[in-house]
Structure formats: C-alpha cells, structure tokens
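Both of the next two complexes hold chain A, though its partner changes from chain B to chain C.
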Partner chain A sequence: MSDLRIIDIEKRYRTAEPKGGASSFMLRPVRLTIREGEFFSLLGPSGCGKTTLLKMVAGLLEADGGEVWVGDENLTDVPPESRKFAMVFQQSLLFPHKTIEDNVAFGLKMQKVGKKQRLKAAADMLEHVGLSGFGSRYPDELSGGQQQRVALARALVANPRVLLMDEPFSALDPGLREEMRELLSRIQKEFRVTVLFVTHDRDEAFALSDRIAVMGEGQLRQVGTARQLYERPETTAVAAFLGLKNILSGTVNNGRFTSSDKTLETAVNGELADGDYFLVIRPESIRAAEGDRPGQVSIKGTVQEMTYGRGMYSLKVKAGSQLLECAFTTFQAEKTAVGEPIELLVDMKEAWFVKE
Partner chain B sequence: MWQKTKPYLLLLPAAATIILLFFGGIFDGLLKSFGYFPAIGETGFSVAAYDRLLSSSSFWESMALTLRVAALSSLLSAIIGAFIAVALFFLNDSIERTSPKPWHRLFQLPLTIPHLVAGYIMVLLFMQSGFLSRLLAAMGWIDEITDFPVLVNDPFGWGIIFAYAWKEAPFVTLMLYPVLSRIHGSWREVSRVFGAGHWQFIREIVVPVMMPAWAIATFIVFVFTFSAFEVPYLLGVTYPSVLPVYSYQLYTSGTLSDRPEALAVNVILAAITILLGLVAYYFSKRWNVLKGWG
Partner chain C sequence: MKKHPRLLSLFLFLGLFIFVIVPFIPLILSSLSFGWRWPDVFPQAWSLRAWEYVVNDGRTWQAVGISLWIALVVTSVNILLAVPAANALVRYRVRGRWLFEAIIFAPIIIPPFISVMGIHLSFLRFGLTETVLGVVLAHIAPTLPYLFRAVMISYQTLSVDWEDQARMLGAGAVPRFFHVVLPHLLPGILAGASLSVLISLSQYLITFIIGAGQVVTLPILLFPFISGGDPSVASAYSLLYAAIAIAALAGMDAALKRYYQTNRASQQEKGENA
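Then we have the complex of A and B:
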C-alpha cells in the first residue's frame, strides 16, 4: 500500500510583522490520509491555505512542522525533485523553447530515460489526452485547453506516485472545463493514479472526487464524500461554503426546534440535547404545500424572487426574518408568482442540525 | 498636405546631417580607396590599393591579430557576461523582491565608462610599472616589477582582450538579463517537481532560453571589437597593429599616395562587418530566435 499520509503538517507566517490580530498560522496542522488510487480534493475559498498545503506536499514550500509519507517512506526531508510526484498548475507552464513531445518527455529525461524510449512514452501519453500528432509543435501553437492537456500528459508520463493539481482548469472557459474534467476522470481511473486536487469550484470537486476536504481560514473543516459533505455538513461554515443558504438559527427544547424568528417549529428527529442549534435545509428538500403530509413541517411566506436556471426554478421566499432558497420544478413554479403568498413544506428527514 | 509633410520637414536637418556625414564619408572613402583622389590629381579608378594591401604581409598579420583579439574578447565577455547574468538571476530569486538591488548597479558600472578611460585604467593597473605589479612587488610576491608579465602593449594583445572583456561583459549581461527574467518563476517549481536539480534546470531551461540572445550579444561584441580603434591604439604594440589602427597609421604616417590603401582597409573592415551581420541575421532567422514565446 502506498497511501499518501499528511501528518500534522503546518505553516506559520514569517513573523516579521504579523497582520493585525490575525493568528500566526497560514495553515493549522493538517492530518489526512489519501488512499492509493484515490481522487482527493481540497476545496475552499481562495486564501484558505489549500495551495500552501499542496506545495508543502510537493516539497516546494517548507513546512514548519509535520511529516509527509508515501507508504512507509518518509518524504518530509526529501527535496521535490526526488519525490517522484508530478504537478499540474493553474497555467500550463510548458517550456516555450521545447516542442510538445520534449515537454511531455521532460520528467523522463530528468530520470535519464533514453531518448527513443521517452519520446515513445510521450507520444503514447499524447494519444491518451487526444493530442496525437501534435508532438513536433511548439506550445504557442496550441490553444489554452490543448496546452493544459499537454501539462496533464507531462505530469502522467513519468508514472508519478502522486499527481498534484492546483486549480488546473480554472483558467479555461466553462465548456472546455467540463470536457477536461471528463478527460481527467477517465485517465485517472485508467492509470489508477493518486490525485490530490486543489479547487475552489465545488461543482468541479463534486464531479471528480472520491473524497473531499473542505478547508477554510487556514484549517481543515471537514473530510468526506461529496454527498456526506452536502447532506451532513458539520458546521454552518461548511454548509455555507457548499452553497447551502437556508441556515436557521434556533433552539431545541424537549425535542422540539423553534427558529429564532418563530417562523418554524417542529419536532426533532432522533435524540438531540437541549441547546442552541442551526437548522440546515437544502433547497431541494422544500416543496410547495399540496395538503399536509406526516413528517413534514410547513412554513408560510411570500415569494420574493424567481430565477430560471438549467431546468429548475430557484425561488427566494421571505418567511419571517429568513430568506429561504428553494429549488422548484417548472411544474411547481408555474403555480406561483413573485409577490404571492406561498406555503412551503420541509421534509424534516432531509433537514440537518449543526451546533456551530 | 502641410500636415503630412511637416514631420518629415522637421526631421530633415537631422536626417540630412546624418546622411551627409555617414554615407558621404563612406562614399568618399570608397571612391578614394579605388584611387579617385582629385587632390593629388588622380581621377581614374583602379584596384591598385587593394592589390598592394592584399599582397602585403603586414596587412595579413594585422588581420590575424584583429580576428584573434576580437574572437578572444568576445568569447571572454560572453562567458563572464553570461556568468554574471545567471548569478544575478539566481541572486534575485533568493533575496527579497522589494529590497534595492545594489548588485545590479555594481555590474552596470563598466557600461558608464568610455572605452578610452577603460583603456587607461588597464594601463594604470596592469602595466609593468602599474599599480598591480607595484602592489605585488611591495608584498613580496614578485622580486621586481619587471617580473610582472607584459600584459599591456604586448604583441599577443592580452591588454586589449582584458580591457574589452571587462568593458563588454556587462553589455552581454545587460542583453541577457531581460531574457532570463522572462523565465517564469514557476518554471523552477515545475522542473523541480519533475525531477530537475539545479544544474539540470540551468542546462535544460536557462541556457537554451538565453542562447539566442547570448549569441547575438556575443556577435555584437565581436563586430565592435573587430572594428574599434581607441583601446587597441592605447594598449596594442605598433607592429603588428589591429586593422583600424593599421589604417590610421597608413593614413597619418605615410604620404598622400598611401591614403587609398588606408581607406581600402576601412572598406574591407566595413565589408566584413556587413557580411558578418548578414550571416548573423540568417542564423537568427533559421534558429527562430523567439520560437515558442508567442
């Protein structure tokens, strides 16, 4: 087994002039195990420390503590050129004076693989990324998407132990980005390469990853599959970052939850100690009322906004002091209009309580 | 009409001066080298001057010396200049970006000094009775100042070569540094991740990237040292002398009838320079100097 293990790795600010009041950590200690062949994403807003973490794993940035292991080999003090990792950056960063095949074969050349052999490997890899026949061109003759494919080929050709990717598709336009995602997903499964992928795009992370670590403010917030994170976020911060806007503060008392603005009162599923909670309601678990059903709780409000997007309507409903976001089918949405009162049903099995 | 011609009219005095002095001078020299010299009553054209020149051994000795001095000076400047450029590049990488760069200023210093002054500095420092030899003698490293090797006014031309190397190396650096600074900071990271150590990075990325600019800078130094006058005049020996000095000697010390020969030397120098320029242009095209830079 050669899992990638990140053990309490951390990074502090150079303490010349600590910025007003902020903690001195750029990245608080992170502990992660990424299984061999797993596609693992670090997801978070910019400045949350995910690229810092990636560069420390690569060895390009020196950690202020902690260790990096692959299998039973401690790589903490191994320089990046000896780690046998590969990396794809936000820009393709191809060498402009080298042809495409020389760019792809670069890693192999550094490993002293013979010319014939490495050019053959490069040609094979170019075929995998759909660029066979481009080998003798120069990088500036290729489009941005093609360049990024070459960067991917360059990373994979040397059979790396871990492939590190730092927002590789964020500079591409949306259509191309989707195409590249599919390509990456296919190739990753084909080569069974361990991928550590950094992104701020949750759709991208959700579409690609086996597991995701949500990061924020220089620390790891939650690790899990896309579904676990989206349906069972541990904190409101994770929920908010994943785009869940219906977060109602309130209290649980004797098994009943009351929101602070009293718009919602319901029995709580399962055991929950009394205290302050946040109720997270996904927009998909709200529907327009069509007669009561057991296990559902109704909220009265007014439709404030309706926007159409990709087959669904997104509604903003004012209920008390809360603005609830609901995802309606076209069929449901056609029965209401902006400014009209509406009664919403929330499926409490789908709702989720968090403490902070 | 006025609006369109105005800029050209404004340029006319400057342009006319340049054309008259530059091309006029060249044309006059060309005519005289072919024996057209009304002042001494010669109005016919002949290649006699070239004939005499090409069959004289002192011309060929001058030519050999000139080529040797130019080649060694440009080679030395190229090596030293590239070394400084690469050193500055890595130095810049490792120190804080915001701090001032006194290093750069230091290496730019020789650029501000005229060639004549550089020549005198060489004389003062490296002559047998110069600063360095007296310093070494005072420290007891050499017994007498005459033990110091003849580096100035030596027949091989070391004095000239050193002066040029010192003077032109910063020029090569100046030409290379902007090219090196186009090397993406992240390329170092990329190459490290893919297994390239420090030297491999220099060999694979830095050298190929700076090669075209390097070759061109070296070529410019070569052409300049090939046809420059003052440093060899100051630091060379009377015989053999480099071609420009040889031409000057012929022009001033001989009779009026020697002047066509002196001017023929200049025409040959100009022709060789133009030829070298064309060769360099051809190669820079073939290499596609900026291939891949977009």
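Then we have the complex of A and C:
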C-alpha cells in the first residue's frame, strides 16, 4: 500500500516574533492519511490554510514541523522535483513557447524518456482528455478549458504517485467547470491515481470526493464523506460552512431541548448530557405542517422571503428571533406566500445536536 | 476621432524627420565636400577624398573590429552578471537590497570621469591599462545598469508558479532555468543587451583613459578629426559609426525575431493549412 500520510505538519507565521502564542500558527498540526487511489478534498474558505497545506505536501513550501510519507518512504526532506508528485494549479501554466505535445511530454523529458516514446505517451494522454490532434498547437491557441485539460494531461503523463490540485477549475465558467469535474472523475477512476484536491466550492468537493477534510482558521475541522459532514457536522463552524444556516442555540435539560428564544421545545432522542447545545436543522428536513405526526415538532413563524431555484423554493421563515431556511417543493410553496403565518414541522430524526 | 491619429502621426513623423534624419544631411554633405566654408549654404566642390581615406585606412577596420569585439564581450559578461544578480534581488529577501541596487545603478548617475580616475589608478597597479581586457572591465560599469534593469523587470513579471509547476513535473534547477526562466527572460535580455552594446560602442572617455591610445576603438579614431582639423573625415567616420551602431541593433533585433519565428514555424504552417 502506498498511502499518503501527513503527520503533524504545521506552519507558523514567518514575520511574527516568537511570542509562543497559539495565534502564530498559519496552519496548526495536521494529521491525515489519504488512501491509495482515493479522491480526497481539502475544503475551506480562502485563507484557511488549505493551499498552504497542499504546498507543504508538494514540498514547495517548507513545513515548520511534521512529516510527509508515501507508503514506507519518508519524503519530508525530498525536494519537490524528486517526489514523483504532480500538481495542477489554478492557472494552467502551460509553457507558452512549447507546443501542447511538448508541454504534456515535459515530465517524461525530465525523466530522460526517449523522444519517440514520450511523444507517444503525450498523444495517448491528450486523447484521454479529449484533445487528440491538438498536439502541435501552442497554448495561446487553446481556450481556458482546453488549457486546463492539457495541464491535467501533463500532470498525469508521468504516472505520479499523488496528484495535487489547487482549485484547478475556479478560473473556468460554471458550465465548463461541471464538464471538467466529470472528466476529472472519470480519469481519476481510470488511472486510479491518488488525488489531493483543494477547493472552496462545496458542490465541487461533494461531487468529486471520496472523503473531504473541512478546514477553517488554519486547522482541520472535520474529516469524513460528504454525507457524514453534511448530516453529522461536529461543530457549528463546519455546519455553517457547508451551508447549514438553521443553527439554534439552546439547552438540554432532563432529555428535553429548549431553544434560547423558546420557539422550539422537543424531546431529545438518544442520550445527551445536560448542558448548552446547538441544534442543526437541514433545510430539507423542514416541511409545512399538515397535521401532527409522531417524532416531529412544530414551529410557528411567518414567511419572510421566497426564492425559486433549481426546482425547489427556498423559504426564509421568521420564528422567534431565528430565521429558518427551508427547502420546499413547488407544490408545498404554492400554498403559502410572503407575510403569511406558517406552521413548520421538523423531523427530529434528521436534526442534529452539536456542542460548539 | 479619425483625424487625431492622423494628425498625431504626422507630428511624430515630422519630429522624427527633424531630430533623426535632418542631422544626417549635413554629415553626408560634409563627408562628400571639398573645403566647405561658412558663407556657402552648399559645398562648392565635391570630393570622395574623405571616404577614400576612411575606407582605405587599415586602422578604420581594425577599430571597427575592436569596437564590436569589446561591445560583444562586455555585453556577454554583463548578461552573466545581471541574470544571477537580478534573480537574487528579485526572488530572495536580501538584506540591504537598496544598497546593492544603488551600487549597480550608481554609474548612471555618477559622472564616469570620477570613477574612471580611480579605476585608472587601480588598473595601473594591476597592469591592465593599455589592454583590451582593461577596457572591457572598465566598460562594464556604465553598461551593466541598463542590462540589469531590463533583466530585473523580466524577472519581476515571471511568477514563481511557473518554476513551481516545472518542479512538480520533475525539473531540477538547471532544466528549470533553461526551459522556463530563460525563454521568459530572453526579450528582456535582448533589450538590455542592445543598450549595453550601444553604450559600449559610444564610450570615449573610459576607453581613452584606460586604453591610453593603445586600444583604438571607433570613437578614439573619430575624436581627433572633430577637434583637430578635418571635418570631412570626421563626418565620414561619424556616418560609419552610426551605420555600425544601427547594424548592431538591427542584427540583434533580427536574431530575436528569428528565434520566435523558428519556434513558431510549425504553428504558422498549421494556420495556413486550416
């Protein structure tokens, strides 16, 4: 097995004097194991340290502590050009004075592979990304999407142990981005390459990844599959970043949860110790009330805003001091209007308590 | 809207004509005249004497050769100095960067006479006066700033990402320089090199003091005729000198164009076929 292991890698601010304070971390120690052939994403807002982590794995940035291993090989002190990794950046960074063919074959040329062999490999790889016949053109004759495909082909041609990707599609327009996602997903499965993918776009991370690490403020917040993260976030920060805006603060007392503005009171299924909690309710688990049902609690409120998007209505309902976001089907949404009172049902099986 | 560019280009053309082309006219007339004196607007008698003298004098072609040779060596040395220096000053956090830059750019501001006196004393001690090597070394000071500046700006426009990308594809330091950095720097190097060649060609004072009359470049040959006595010969030399400078510039320009054209040859064929 040649898993990629990141062991307590960390980065501190260069400019700060040795204050010894926790605030001098650019990236707090990160420990991750990425399995061979896995598609692993680092997801977080800009400035959360995800690109820093990626560049330290690549070796382009020197870590202030920690190790990088692949299988049983310690790569911490190996320069990036000898790690047999590949990287695709946000910009395609194709060498402008070289043809597409020569660009793709560049990695093999560096490995001293013969000209005939490497040009054949380049042509094969270009076919995989759907650009056969483009070999003798120059980068500036290609569109942005095509350039990024070439960058992907160039990264894969030398059969890297790990493919690192730093927001590779964020400079492309949305339609193209989805197309590139499908292409990448297909190619990743075909070549069974281990991918470490950095993005701030959660849809992109969800669509592509086997597992995702959510990052924020220079640290790893939670690691899991897309579903685990979305349905069982460990903190409100993770929930909020994943777009879960219905976070109700409150207290659990003797197995009952009361929100701090008293709009919601319900029994807690499962054992929770008494104390302060946050209740996370996904917009999809709220419905308009049509008579009581067991296991559901009702909330009364007023509809404040209705917006239509992709087959569903998104409603903002004012309940107490809280603005709840709900996803309604068109059928449900047609029964109400902005300014009208509404009774909502929350499926408590779908609701989730977090401590911080 | 349409008239302005036309008017502007007319003015530019007139300016170019007055400042660049007109000065050549009396030079040409003078070089072809025989005893052209003050009240005459045009020379009264014509003669090819000056040109015959210039072309047939063996020293002329020797001087042209030495001038070009010095300019070439100076520029080559400058390139070897400027590229690593620019790399270091742009890419690394250098303590006292302003001091290094000030030293490199100082020759542009400080009159050459001041530095050349000191250089002369040192070179006397090292036995470098009256040698081509000494002149080459002395020419580096006034020419290096221009080349350095051009290369530094080229470096500043080269994002580190390009080199990082090459590294991630397995390129070590040397292939990185030749495959990524050098192609990007090349236009800047060539622009700086043109200036370096021109400035080296036009050095009189430094060549005169360090070379002490033993290293004869074109300006050394030209000056006595200007100050001394034969304006016709001086004019002929001036024209020859201008021709050499223009030829050097044009040659370098052509070299750059050819470099891009050979690189782009296959592309153009493709474009024509499509």
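Please note the rule applied: the second predicted complex is superposed on the first by the 348 of 356 C-alpha atoms of A that agree within 3 Å, B and C clash if a C-alpha of one lies under 4 Å from a C-alpha of the other, contacts with A are read in each partner's own complex, and residues count from 1 in each chain.
Keep in mind that, in the parts below, a residue touches a chain if its C-beta (ideal position, glycine included) is under 8 Å from a C-beta of that chain, and two chains touch if they have at least 3 such contacts.
This is a predicted model, so every value here is computed, not measured.
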{"item": "Clash or fit, chain B versus chain C on superposed chain A", "value": "clash"}
{"item": "First, second, both or neither for A:110, with chain B first and chain C second", "value": "both"}
{"item": "Touched partner set for A:95, first chain B, second chain C, both or neither", "value": "both"}
{"item": "Which superposed partner A:136 touches (first chain B, second chain C, both, neither)", "value": "second"}
{"item": "Chain B versus chain C as contact partner of A:356, first or second or both or neither", "value": "neither"}
{"item": "Touching partner for A:77 - first (chain B), second (chain C), both, neither", "value": "neither"}
{"item": "Contact residues of chain A, present in both the chain B and the chain C interface", "value": "58, 60, 79-82, 84-87, 89, 91, 93, 95-98, 106-107, 110-111, 138, 154, 158, 164"}
{"item": "Chain C residues touching chain A - in the complex, by the definition given at the top", "value": "161-162, 164-172, 175, 179-180, 183, 263-264, 266-267, 270"}
{"item": "Residues of chain A touching chain B in the complex", "value": "55, 58-60, 79-87, 89, 91, 93, 95-98, 106-107, 109-111, 138-140, 154, 158, 164"}
{"item": "Parts of chain A lying in touch with chain C, wherever the complex brings them together", "value": "58, 60, 79-82, 84-87, 89, 91, 93, 95-99, 106-107, 110-111, 136-138, 141, 154-155, 158, 164"}
{"item": "In the complex, chain B residues that touch chain A", "value": "184, 186-187, 189-197, 200, 204-205, 208-209, 291-294"}
